[in-house]
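Structures are listed in the sections that come next.
Paired with chain B in one complex and with chain C in the other, chain A is shared by the two complexes that follow.
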Partner chain A sequence: MRNRLKVLRAERNWSQADLADKLDVSRQSVNAIETGKYDPSLPLAFKIAKVFGLPIEQIFSDDEVAQAAE
Partner chain B sequence: MQRETNPKIISNARRYAGNMIVACVLYTVFVFAGAYATRIDDLPRWVLIVAALAPLLPALLMLRAYVIFLNGIDEFQRRIQTEGVLIAAAVVGFGTFAYGFLEEWAGLPHLPLLWVFPALIAVWGLAVCVLRLRYK
Partner chain C sequence: MSVLPVSQNKRRALYRNVMVGLIALVGMLTFASRAFGFDAHLILAFLLLPILVLAPLQFGAMDEAAKQAHISAWYWGCTAAVVAIGVLAIGLTQNLIPFGAVASVTAHWIGGAREPSLFVAGLLFGPLMMIGGYLIFSVIYWFRTR
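Right, the complex of A and B next:
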């Protein structure tokens, strides 16, 4: 699964620690999600969408769908 | 490397460290008291049984501290911890199983069962460190 977390975070000038605080997770967890090493659960994905004020599909996308779009 | 700043995560880690220190101190006291008791002549067998099982209480306190810690961490951290436990169970389980056969059939020296739990803890700790590096 791909995500735009890093870009969205940069647009808001948030550090990984800022985002981690807002999501109530560890900074390491934010880093693992951003680098694609960990796919969040659905509840956490919804929480991320809520923090950014965006629908989930504008943050996360399926690998195959993203590749096809490219 | 950036450090964790989330107050909930920090307080959970501190509570875990505090609970573990208390359990470790109790464990040390119980082990030394038990070892001392075995040197006293003519103690009734039930006293020796109680002394031998006493270190189990602080070990259970360690388990309790770990469960509380596990419930206070986020899903990604919990995944690292549970993967670590699984790796430790597999390594120690298969290791002791294999060594059991080696002891029985190949004449390797007997190892006390006492070492199984510390081996589990050691491999689990090592596995968690390796997993943390992998996800870094």
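Right, the complex of A and C next:
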């Protein structure tokens, strides 16, 4: 699973800790999601989408789909 | 109204700190009772009981990536430990591992193991309890999610 979390966070000038506070998760979780080491659950993915005000598919994409698009 | 923090991050930090504090206290008391020769068994039992209540609370409040890491660490750690205990038990019963070498370690830390068969029985009791607990919680999980 790929995601644009780091880019979206940078656009808003938020640190990982800021985003973690908004999502009510640990900073380590935000880091693990950003680096692709952990795929969030569906409820957390929806929460992330809500925090950024974007649909989920604009934040997360399937590896195969992303590779095909490249 | 709950006295617990509303923020999940603060709540999980509270549970974690209390849990770590209790475990540290258990560890310190164990070593202190050995070093100074006093009986701490009753206090230790009272300190272990709240851990039984706190553990599910902490697990429930844990954030999902940490929870996943915990599940993975327990699964692989305990599986490896069960295998290691099995190898050690076979080694001891077949006289492939000298009992004296193991007994000298346990004698130092937990007050001695002089009888090989009792030691092996104690050794196997741990994994049996773990596997029993695993089966019980597998059934509970299966009933809750079917």
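We adopt the following convention: the second predicted complex is superposed on the first by the 70 of 70 C-alpha atoms of A that agree within 3 Å, B and C clash if a C-alpha of one lies under 4 Å from a C-alpha of the other, contacts with A are read in each partner's own complex, and residues count from 1 in each chain.
Here, a contact is a pair of C-beta atoms (placed from the backbone, for glycine too) under 8 Å apart; a residue touches a chain by one contact, two chains touch by 3 or more.
It should be emphasised that the depicted structure is a prediction, and the values quoted were computed from it without experimental measurement.
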item: Partner chain(s) touched by A:28 [first = chain B, second = chain C, both, neither]; value: both
item: Chain B versus chain C as contact partner of A:41, first or second or both or neither; value: both
item: First, second, both or neither for A:17, with chain B first and chain C second; value: first
item: Winner by number of chain A residues touched, once chain B and chain C are compared; value: B
item: Chain A residues contacted in one complex by chain B, in the other by chain C; value: 20-21, 24-26, 28-29, 32-33, 38, 40-41, 44
item: In the complex with chain A, residue positions of chain C that touch it; value: 7-9, 12, 63-66, 68
item: Complex contacts: residues of chain A adjacent to chain B; value: 15-17, 20-21, 24-29, 31-33, 37-38, 40-41, 44
item: Chain C-facing residues of chain A, complex; value: 20-21, 24-26, 28-29, 32-33, 38, 40-41, 44
item: In the complex with chain A, residue positions of chain B that touch it; value: 2-6, 8-9, 73-77, 79, 132, 134-136
